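Please find the structures below.
You will see two complexes here that share subunit A, one where it goes with subunit B and one where it goes with subunit C.
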Partner chain A sequence: MTISTAPVAEPAAADAPTAPARPPRRPAHAREWWLGAALVLPALVLALLFKVVPLVRGVITSFESSSGFGGSEFAGADNYTRMFDDPMVLTSFRNALLVVATLPVWIVVPLVLALLIHQRAPGWKFFRAVYFVPYTIAPIVVGIMFRQILSPDGPVNALLRGVGLEPLAIEWLNGRNSALFSLVAVALWSFFGLGVMTYLAGLATIPEETLEAAYLDGAGFFRRLWSVVVPMLRPTVAYWSVLCASGVLIWLFPLIYALTQGGPGDATMLPEYLVFLTTFQFLDRGYGSAIGIALFVFVALLSIFSVRHMFTEGTRKPR
Partner chain B sequence: MFRRRLAGVLAAGVATAALLTGCGGDDATADGPVTLKVLTWEPGGTEYWKQVKTTFEAGHPDIKLEMQSVPFDKYPEVQGPYITSQSGPDVMANNAGLELFDRRNAYVPLGAKAAEINKDLVTYSGACEGFDTSKPCYGVPFSYQGNVLYYNKAVLTAAGLDPEKPPATWDEFGAACEAVKKSGKTCLALGLSGTFPAYWDFPEIARNYLTEEDVRALLAGKLSWKDPKLVAVLEKLAEITTKGWTNKNAPSITMLPDGADIFQRGDAAFAGTIISDAVNWEAFGKALGDDKLGVTRWPAIDPAAPLAQKFSGIEGAVYGVTQWSKKKEAGLEFITWLAGKENGELWVKHAKGQPLNKNVDKALLPSSPAFLKIQEFVAAPTLHAGVMLSGPEADALARGWQQVTLGQLTVDKWADQMQQALERSPTKKQTK
Partner chain C sequence: MNARHSARIGRYLLTFALVVVAVAAVYPLLFTVVSSLKTQSGFANDPLGLPAGITLDNYLEAFRRMDMPRLLLNSLITTLGGLVLSVLAALLVAYAVTKLRFRGGKVVFLLIIVTLTIPSQAIIYPLYQTVLDLGMSGEYQGLILAYAAFGLPLGTYQLAGYFQQVPDELIEAARVDGAGHLTILFRLLAPIATPALAALAIFNFVWMWNDLLLPLVIMGGSDSKTLMVGVSLLSGQYDVSVPLVSAGLIVALLPVLVIYLVFQRQLVAGALAGSGK
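Showing the complex of A and B:
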């Protein structure tokens, strides 16, 4: 077989869609444009005021050094270079990566539960209500509650000892790794109800007949989940993934505050808690802002792929 | 028609904005009493602060007090944003010492008035920069604070110990702890999550190794954490937990309220807390009975050390007028009253606290044996090393203690972390 090096012919002009002739501009179009601009303007102003301005202010502060609550001076990139030598910052981002590694659980657990509810498994009405209840409890209350539940002599360990699983009755909030994963588990308990609701909303858009057809074709639960539900729920999964990816890094503050305060040592120190600690307890606003900006970049990098995917899905033309 | 409606909506908006602006304006220019916003963690309890409000307002009909009460352990988180945004209360409080100095730019310096306002106080140096009354002072203290070791006489007796002779040395304390453990109780109630009690217990160990000059050097950031004296302090702090003298869950619970609860329930022999404001002889006496509550100095590691038999004392909460307040005169009037005899007597009567005002009627002082014993300790004060720690140092002290307790850190590494914390303390950097 030979490979031709001849230039490929341009597709026939007849195949190309002909550009429609531009209709003459009419005053109605101008009116529509102004109306559109007027409708968008409030949102744009709000976004600028409450998103862009604080972000820019944060960036500016991150280039300043301050002593206590006194004045500040320009510090160049000092705050950013300092981060690389600060073990607490490095540990907080290492912990953040460990938390991010639990994302599949955050995405899959609510999906499976939503599907079971959607398929009207026994007790589905009860579980639909019950799953959402933890989300309605203030995270600070959840933290205080679980500090008791997870204490060495708390109900979790009492239960484990009661059923003969004494070796599993560990000091949940005292271990280096167990404390971090206990924190994540408590966060998941607190937020998964929202995920179930989100997925249920997505599942409501999948035609019943499609799932029924798969069922009649002999597809089991996981086959239907993997081959029918997940592809059709892709935009919802992407949306929940973005929410979780950013959420696990910026929602946990009240839980950390009430449950561990970043300890023991730095075991549950996450960047968002460190920003707070550095700014308001160590009174180092510039450095706190720099850590905050680093966290912003970290979250943005994590989210960007999902957002791009969602954008592609959202703008794909129906075939 | 549309334009007329739009104009109506705009006019209503402007009127609402004007009204809202008016609400946030300066009360001093309006008729009627000035309303002072006071941020407080209510040291001494709610009843004392009710009395403060009622009594002060009765004597000052032109000033109303609006209290914003925040729990003690949440206070820095509420106050921090106010200071950063330079807005909020007209009068607020901080603990005397570095906590106050760190925030000094939020307060109006009292200047020459400081001496006049505080003339009847036993001491007020903790409200002044560097504990020096010739330097700027930022507020008014009215209570005295410090650390002691409370003990439950019944637990000591059950362990075969003499409750009238509590352990006076480190070795005696170790032996007492072994006896208490054998009796099935916890020796020392402790909660290490958060900066308490590292902040309270550190000075009690430090008194055995540091001189007053060392303590001042600690404040100035000139004493290295790798100095053998400070390393020795950390070693002894570590011993408290690594020798098993405390409750097992100490690293994951807070001292307030969890650790104190263990002692109040009668499950522990000792609790190292404070003399005023909260978790003091009054609260413990109520829980255990005044006759069962004993109080002693922390055991001496080196009884011959110059500060070993002293009391780490510090003025309690210091109330100052905020820089951004538009009601500074009224604020000054309120804090001046706080330093006075009338408030001193309210403090004794309702908070059962240690007053700073010298003119307080002695007949009002509580008759609790623990309170009377504390009077003996207070008579020989020294600088409180805990309040010399910056935010990063106090945080690293508490976190390091947790890690050492859990076997995740050595004392040498802890000292390294403390030194790093010192080096990133913004205010100490400034004073170097």
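Showing the complex of A and C:
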């Protein structure tokens, strides 16, 4: 419980010099500080116990060699140097980069759909409701579902044959490139509804009068879109981009688990699945932890901007 | 005339595009429902078409194999526990950070949202170790606390952003009227933030109910394992047919789907309100 005592000592000392300056406010101030400390305590304990402590332990384990059921001993940076010579690890991070490269699609597709719904064509509420349905289905369930949908004689290939695109009716989950492509496509199917909902929320904050004024000024549809809607939507786009950047690799785990198990070969091997495999299947905990730390650094670099954005957003005073 | 003509074509194209995406969004679900109503041989003869006759045997068999009531109960307890705890903790932090003269508040806020960058996959073994050391492996509280911790960053961020919009004068006025801090938080701020709370609750319900990795590692094969772990185990059994798995999938996804359809309006309202910055 060093968590609570450490910060308590500091402000007591800091308060001392200011105390004589305005004596009547000090007790209230101090009481408010104690109350604040008590209020943040549960969250702080949760964050430390289930995130920070495991992360620190992960760093420590990553410097140990500990496989099988035996004990562990200090191994220096062995696990890290081993990673750079391990084709599986290198492939997994190369695949991760490929997945990250699809982020523009993740950001643009829901945006376009939200804009279409926002036109309020007949039945727009129905479409809004339907698009969110895939997101409510658990990724592991989605994965198992799409094993049938994408199977060689499944509905996707039946449709392709039906419209005369026979050559495209391939074994989706069995080709080196098509497997990763399918995986990302299924993930996008599963998450685009959340993006549409997020964008619609952002669109709702644009006042009707602003659009009307632009309309009366003679601005056409695309002009209004580009000069009025998109700039005003920037915070929403930023928020959704943040969510995708920090989430996309994590969202893929259950899909890999259900659809490809990293295969064929290492075509859909991604770091998060490799950590799981190395740790729980090969029981190589030190090495698994090292890959985990590498994954953490990768995700942290991707989402550092989003965290900065969230911080300024959450501490900024309203105008 | 010409402009109106092209506008109408635009309308048709728009609706067409929306319909295509809608079909793509629900077809896999319909396919699974239809498959679950076929017999095993019925599916083998005609995997794509409508069933010749409807059978509910697959559902009975799925219930028999998976101890469904227990799995549902486990999922419900852990999801609700994690949901309530994470939203409550986020409420308290958001209040302390935005509405109290609390030195160090910004550091705490930063620390909590920074943990968003720690994915569960990256720390899964040490997390498992920690839960084990706490004596909570295979126990409800282990998964509940882990869920609460992982739901914390986004919840804190959203609520802090919401509270930030409430003018300080309103709080001052309540203070003058003699309201205590907890009264202000739960009687004044929480009701104002109801849309954000509703959206947060639904968002958390969906991901906690649907999560696989945390319950897989924390609950393992224990009796407290969640529905998603049960489903993933079912699909791994060698003698399982597509119709049977499909029935298991439908049972697994139905609770969230029903909750979504029932609370759809609140979710939309909450999403709309939550982003009103």
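Heads up, the rule we're going with is that the second predicted complex is superposed on the first by the 265 of 319 C-alpha atoms of A that agree within 3 Å, B and C clash if a C-alpha of one lies under 4 Å from a C-alpha of the other, contacts with A are read in each partner's own complex, and residues count from 1 in each chain.
Following the convention adopted for this analysis, a residue touches a chain if its C-beta (ideal position, glycine included) is under 8 Å from a C-beta of that chain, and two chains touch if they have at least 3 such contacts.
Fair warning: this is a prediction, and the values are worked out from it, not measured in the lab.
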Partner chain in contact with A:178 - subunit B first, subunit C second, else both or neither: neither
First (subunit B), second (subunit C), both or neither touched by A:153: both
Subunit A residues touched - subunit C or subunit B, whichever exceeds: C
Partner chain in contact with A:86 - subunit B first, subunit C second, else both or neither: first
Touching partner for A:44 - first (subunit B), second (subunit C), both, neither: second
Subunit B versus subunit C as contact partner of A:102, first or second or both or neither: neither
Which of subunit B and subunit C A:293 touches, first, second, both or neither: second
Which superposed partner A:263 touches (first subunit B, second subunit C, both, neither): first
Touching partner for A:277 - first (subunit B), second (subunit C), both, neither: first
Partner chain in contact with A:66 - subunit B first, subunit C second, else both or neither: first
Overlapping contact positions on subunit A, where the subunit C interface meets the subunit B interface: 153, 276, 279-280, 285
Subunit C residues touching subunit A - in the complex, by the definition given at the top: 11, 14-15, 17-18, 21-22, 24-29, 31-32, 35, 47-48, 85-86, 88-90, 92-93, 95-98, 100-106, 108-127, 129-130, 134, 145-146, 148-150, 152, 156-157, 160-161, 164-165, 167, 181, 206, 209-213, 217, 228, 231-232, 235, 242, 245-246, 249, 252-253, 256-257, 260-261, 264, 267-268, 271-272, 274-277
Residue ranges of subunit B in contact with subunit A within the complex: 76-77, 80-81, 83-84, 101-106, 192-194, 248-249, 251-253, 390-392, 395, 398-400, 402-403, 405-406, 408-409, 417, 420, 424-427, 429-430
Residue ranges of subunit A touching subunit B (in the complex, touch as defined): 65-70, 82, 86-87, 147, 151-153, 171, 173-176, 179, 260-266, 276-277, 279-285, 287
Interfacial residue positions of subunit A with respect to subunit C in the complex: 7, 10-11, 14, 29, 32-33, 35-37, 39-40, 42-44, 46-47, 49-58, 61, 113, 116-117, 119, 121-124, 126-142, 144-146, 148-149, 153-155, 158, 189, 193, 197-198, 200-202, 204-205, 235-236, 239, 246, 249-250, 253-254, 257-258, 271-273, 275-276, 279-280, 285, 288-289, 292-293, 295-296, 299-300, 303-304, 306-307, 310-311, 313-318
